[in-house]
């Protein structure tokens, strides 16, 4: 029998099952989106597959009713944990008027939802880092106990906004947690062609904050490091840089064919460490995830995904003239 | 009514807004203890403390980006770019982010940030301390660009910009800071963003301009008045989005229109003003629309001869006004 | 039960087609919604295409290896329930209502009638047009620049003052106004509308080009005209004498037109002023004498070119006229055949015309109309004589040419034609 690692983190069995269920929902929604794309029903998909453990592990370590998040485009696991629903994500995939992220204005996975404190994001990468620092600055000025949490890919960590944002946070000891989801590829370019020092967390030293590299396939390890980062942040000790290493299991997007730059064996090897599989094994070994619960989850998620798909597909598009609205306050 | 300089009007507006609303804070390089390189924030650090007059690291994209994040949260940041010329590293944050936050979120989020920057030449600032950068941002729906020409306008418009729920770029002419003085009410007032203002009534020719050039045009107009030529001067005040109605009205008033800017000519704000007039005033025009602007060279050179050649002044405007009046 | 179509999806942002690399199902197979049915290869990705329905594959339409455009049918599927999944959001086919109302011209609205644009005012001033008498076709009755250009090109100009009486003292009859135009007539009527039974012929192709060229010529070139009468009795005699033999030996007709072309070519050599072009700030006098000849065919008009006509014999010219006419009738004229003309000779006589005013072939300086040869009583030495007479009508660009030089040119051509007879002419 495996060692129970979640108890010492203060996580109940129900909570870890909830984590697993959220990861599974993200995976199943993502898979459905690919099918819809291949069936010609939605124009574009960009995936979370392979990064669910890091995303859900981190999100569960945050205060999901007070903290602010600035997710990047793969963070379906993060936004699901923060209250965005499967239906809302599908509405975004179909670009329908009801999509809470943008009302069908942005490509899918450009998250944003004020009621859940999910900052609106764009396509130029890393611009969200200074935004999260700005929210953290506000928390400090207003003497509030929330933190901001921002994610990005390892390729994006090369942008100036990463450096400018983290240095700013370091100077003013702001309550911001930056998590780089290192999935080894920036579209087709592997980390060895992206990073002079392959360990992104080493940069934390330069910004005057602690840095950690953790196994992004282990939701508990990510949970632990984010939880500790949050504790430091709210006690005035400032920001933390976390690097969660996993693997991108799909092509970059529905428009990309990854066979051009990496071989099948490499992907198959990574699949063995896929958290959807390994975390289930952990939970089963401890007898927490029984066959009965697993069936129940599978059925429930299948019906959630189906309902979300059907609802979103049938939902109306925005009227053409809606394009003219909300350039400025109205 | 007290008389104050343009920069005092800016400082006054900042102070009053910070007193009125605790969410208002300033961030930028040297804005704190030093009070800004031009002293626009002088005294505010002492009055409001470190975190409301925040000295940031030397990184413009962070100044804009951190401000944008704070604005999304609900603060009222007033970010300062030390010189308009140095706004370039922040362009991605301003155009890709601030300008689009309300639109891309379908009105869920907004971004009430003000970004102040001293622009303009005639101060021996050479290529990178003299530029006019408004045209770069003047085709970005979602942004507002305000460029006041008097101390009175500077106070009223800066207060309006801070209270505006959308991002505003506020460009102050650095030579106007201590050159222009005028009466400014002590009480609280705001001026409408998006509205141009008639600075002089006249029936012979129409001058449409903004910023320091308004002052130069007024000086030139007085000389012409000695010869019986009356110029009508419209100050755009907000250069994006433009006050189309006021532009059309001013153009129709005399049918002879001279547009003046200190910026390079091609693709300037004037180009858009000219297009608006062309589209709407064909049957009222009595002369071709004239543009008086800086030459199309990258920026203002350092040597006094070349700087003077580039820089707008009352004499250049007067000459162009006379030519148009005689047409 | 319902039969549904599965189409080629758009796989990638800029992809327009896909190739079926292999089918994963065959007719009769049961598939669930989202089960893969085919592998598809595109420029950007290779992907398994899933079924959009649960049901039985009825018919495979696209073969393996076949490349289909996005949206084309790849197979039929029989579904268990009708309308299993309504394709309300096929991303490839979003229809938007683009019915823009095309408002007709409101003829009654004359609010813009007296709003003259700078361009209209300039044209009115330069051409002495009384704008009060022009009906505008623009919105609100506005007179457009086009309205005035049309008036100018037709010559039907309503002037501010009454037209001066025909008091031309110059030898060439300058015509500023066509004889039929009356000042009271409003020249630019609103767009004519057709009545029941009228035939509407769309203006396209060659007709349109002819129209454009004619308008251009008449708008740009101030035309003037003059005519001479030529006695070609001797030429007719000679030509009638040899035409049968010529046809037998050469295989084509020896037309009068060849003689006229020859005479004109020689005339141009002597008076190169007529072999020139207006070029704004200068006049270009051409060295080569390349004569355009007008050839009509049904609704079309071609002007092929006899190059270096001055260097050719009458026989050579006759042969070339024959060849070019043949080519025109069989649509074999090449662009090269029609390029480089420096002066046009128009065989209007072939239509029976005895007098006409040609429109100059822009940018040439003049055009000569060769009219019908008719037998007429002519007084010679105070006695009536039956003579073969022909009119040569010259239209000239008055910017380049004046009456004096044109008169001399026509006199020269006249003389050489009148002196063509058995002893003087060399056909070969």
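Each chain gets a letter, A, B and C, in the order it is written, and its residues are counted from 1.
Note that in this section contacts are C-beta pairs under 8 Å (C-beta built on N, C-alpha and C of every residue); 3 or more make two chains touch, one makes a residue touch a chain.
From a predicted model like this one, the values you see are computed outputs, not experimental measurements.
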item: Central chain of the complex, centres being mean CA coordinates; value: B
item: Chain of greatest Cα-centre distance to subunit A; value: C
item: Euclidean distance of C-alpha centroids - subunit A vs subunit C, Å; value: 66
item: Between subunit B and subunit C, centroid-to-centroid distance (C-alpha), Å; value: 56
item: Separation of subunit A from subunit B, taking each centre as the mean of its C-alpha atoms, in whole Å; value: 41
item: Sites on subunit A touched by subunit B in the complex; value: 68, 70, 99-103, 105-106, 110, 112-114, 119-120, 122-124, 127, 129-138, 140-141, 148, 160-161, 163-165, 167-168, 171-172, 325-330
item: Complex contacts: residues of subunit A adjacent to subunit C; value: 32, 35, 37-44, 94, 96, 251, 254-257, 259, 310, 313-314, 317, 320
item: List of subunit B residues in touch with subunit A within their complex; value: 25, 51-52, 54, 56-57, 59, 61-62, 64-75, 77, 89, 92-93, 96-97, 100-110, 141-142, 144, 164-166
item: Subunit C residues touching subunit A - in the complex, by the definition given at the top; value: 7-13, 34, 44-52, 70, 85-92, 94, 96
